[in-house]
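Both complexes shown next keep subunit A, but they swap its partner, so subunit B is in the first and subunit C is in the second.
Presenting the complex of A and B:
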């Protein structure tokens, strides 16, 4: 449990850095780092398959998407950059304090109601659950993927010149 | 639910709430579209961790993993389409700043 607490602290630190850092590129890299730390945590919690998905898709694919968008956007001039940074700092300096406040308040409140849980599952094979018990989810995933593909096609469709 | 399990769940819960606060603050306070999406991603990370922890403490970890895989697929599709929309907005407005988007006004 102590190790998990350290990993959770690293997760919060990475997420905070992602939000607070000045550069957008560093922000995207921070998000990838957050995903990697979450992957380690998922391995710790006996979820290897979901962890592999998180690592390959969230830390890999989504980071590539963000970095390519950032690299295609126009950089600001030095004057604009300074003005932008001053504005940003004025809006974001409060976040670490807010986090500390939330942590302290929740720790002191000590909310620990007893939760009544169902009996543990006898089936521990994720493949069985995915393909037999949650088969309908796969249908939903296919429909969502198709919706995404058509959405991107429509967004990037070239206009026919008359 | 034994005492140790309760302790694990609420220890993780505290950090999950902190993750939500970071993501929500980012979404609400930023004017940059890419940063807003990054804030949304952090919120989704919090949800992912919550599902996994709930599965772990309740002994339904296979079901939790299945749900997380579905969540990741939805997350990717949403992000891809959202990045496409951001790309289009940048193309028309030459900026990622939400204050510069005026062409949506009716």
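Presenting the complex of A and C:
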């Protein structure tokens, strides 16, 4: 339990770094790091296949997409960059307060849901779920990836040609 | 057969991008036209019911159970019609073969996503197809690569991601409560679940997500920018079907088929609907940008649909669904009008336009028809749908909301009269003396959409009995 909490804290730290770092490239790397820590957490929680997916898709494929997009985009001018740096965090001052408020409210609500987990003999292998029960959704995910690739090519590729 | 409405657009994109890409570039537009026409005819001439057998026959490898009812049919019809017209508008606007090819590819992916949303009966599958639609929409909004378009796309991405996070959290909670993600199971479980508080929380955050996606007040932040900054053909698609499907259709489907009604839910829908109707109309009155006015008008009209849904009665639901269809058609028509005006004059600022009806008679006439229908003037289609909604509100004893909805129609008429006066009537400005009526693609789109608006108004009794009242057969699958 202690290890899981430590990993969870590391996850939050990595996610915060991803959002707050000043460089887009570092942000993409931060996202990959967040995914890697999440992968470790999933392994800890006995979900090896979900962990492998997280590692290959989120830490691998998505990071490659982000980094290739960043390499195709033009950086801001120095003036724009300075303006962006000054203003980028000011608008989010209320988010930590909101988070604390939600946590306090939830702790007072004392929610203890009846979780409907399948019986041990009904638990299906995640591969069976992915390729048999959720085949249609897997195809949907492929379409999303295809749309993402189209987005990068259409919105960013021509810019470098000019 | 209906699963092919999702699969064929997807496989078309793959085929179009295979080795004969150069040859395929010319055919991408016609593929889009053919698929939207097939969709229109398939919806008009095929039966409702479970599609499991047909799916098994043709696409057994997917193992998906789709379901179609009258609500899905109306939505699929809207999608087919609007994408058909948007493809023609894009063809008219862009002569660059490469750009047109790219646009049609994304349009096909969008078609697959929208059709998926309408046909699935599983809340997680719904989420997957909502994401396909959202990603395609980001690309289309930023398609012109202008600063405003990128800013609008970014706003849409951020708000859409918030909606997605809320939706996914809600789905997780519902899965925890029900043990399954199918509409039927969740619906049955919510009625008997001891976890009322958790269920209410899941329902509330799902509703917030649907409100953001539908762009209703006060969740509308992204919508005016996205509608006004995106390319003209994309505005037609966004206003005509994207927000209608991802926001409004999802809301109707989830409320009616899954969550069911409760006094709290009714009150939320009534308040959100009324806010949208009134504030959207007031905001529209103050606009001088043609597309921005239409964007705020959309927020207002979606409010009527939410009000119809809030009544929970058959009449209210029939009104909501009919207004969904009507709004999809006449708002697409108005956006095609604005695209035609912008393409001919080079501006959307209504203060720099006047007397265009003389030079652009088809654009002017169809624009008047669409405006009158939107304002609820008989015998056009918009009148009947608003009438059904207001009568349903009155019969449900929501008197104050019925009166506000009726009075807001006057606001709608006011801003559309202002639009007509500033753009199409009055003395033609000297600098606009050289302009001509827009091209074939625009004229075809405007004529088709105007004919549907008139036809749906005149054929209202038939539509009511054949399509709208049977909407009560909405099922959880």
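Rule of thumb we're sticking to: the second predicted complex is superposed on the first by the 91 of 162 C-alpha atoms of A that agree within 3 Å, B and C clash if a C-alpha of one lies under 4 Å from a C-alpha of the other, contacts with A are read in each partner's own complex, and residues count from 1 in each chain.
Rule of thumb we're sticking to: a residue touches a chain if its C-beta (ideal position, glycine included) is under 8 Å from a C-beta of that chain, and two chains touch if they have at least 3 such contacts.
Nothing here was measured: the structure is a model prediction, and the numbers come from that model.
Q: I'd like to know which partner A:22 touches here: subunit B for first, subunit C for second, both or neither.
A: neither
Q: Name the contact category of A:109: first (subunit B only), second (subunit C only), both, or neither.
A: second
Q: Output check: A:66 vs subunit B and subunit C. Expected answer is one of first, second, both, neither. What do you get?
A: first
Q: One more residue to check, A:11. First (subunit B), second (subunit C), both or neither?
A: After superposing on A, A:11 lies in contact with subunit B but is clear of subunit C.
Q: Applying the document's definition of touch, where does A:139 land relative to subunit B and subunit C: first, second, both, or neither?
A: After superposition on chain A, A:139 lies in contact with subunit C alone.
Q: Counting residues of subunit A touched by each partner, does subunit B or subunit C come out ahead?
A: B
Q: Just checking: does A:151 make contact with subunit B only, subunit C only, both, or neither of them? Give me first, second, both or neither.
A: The answer is both, since A:151 touches subunit B and subunit C.
Q: Looking at A:83, would you say it contacts subunit B, subunit C, both, or neither? Reply first, second, both or neither.
A: Neither partner.
Q: Both subunit B and subunit C contact which residues of subunit A?
A: In subunit A, residues 111, 114-118, 133-134, 137, 140-141, 144, 147-148, 151, 155 are touched by subunit B and also by subunit C.
Q: Which subunit A residues qualify as touching subunit B in the complex?
A: 1, 4-5, 8-9, 11-12, 15-16, 18-19, 24, 27-28, 31, 34-35, 38, 41-42, 45-47, 49-50, 53-54, 57-58, 61-62, 65-66, 69-70, 72-74, 91-92, 95, 98-99, 102-103, 106-107, 111-112, 114-121, 123-126, 128-130, 133-134, 137, 140-141, 144-145, 147-148, 151-152, 155-156
Q: Under the touch definition given earlier, write down the residues of subunit B that touch subunit A in their complex.
A: Within the complex, subunit B touches subunit A at residues 1, 6-12, 14-15, 17-19, 21-23, 25-26, 29-30, 32, 34-35, 37-39, 41-42, 45, 48-49, 52-53, 55-70, 72-81, 83-88, 90, 94-96.
Q: Subunit A touches which residues of subunit C in the complex?
A: Touching subunit A: residues 10, 13, 61-64, 102, 105-106, 109, 112-113, 116, 120, 124-125, 128-129, 131-132, 135-136, 138-139, 142-143, 145, 173, 176-179, 193-195, 197-198 of subunit C.
Q: Which stretch or stretches of subunit A touch subunit C in the complex?
A: Contacts found on subunit A: 109, 111, 113-118, 132-137, 139-141, 143-144, 146-148, 150-151, 153-155, 158-159.
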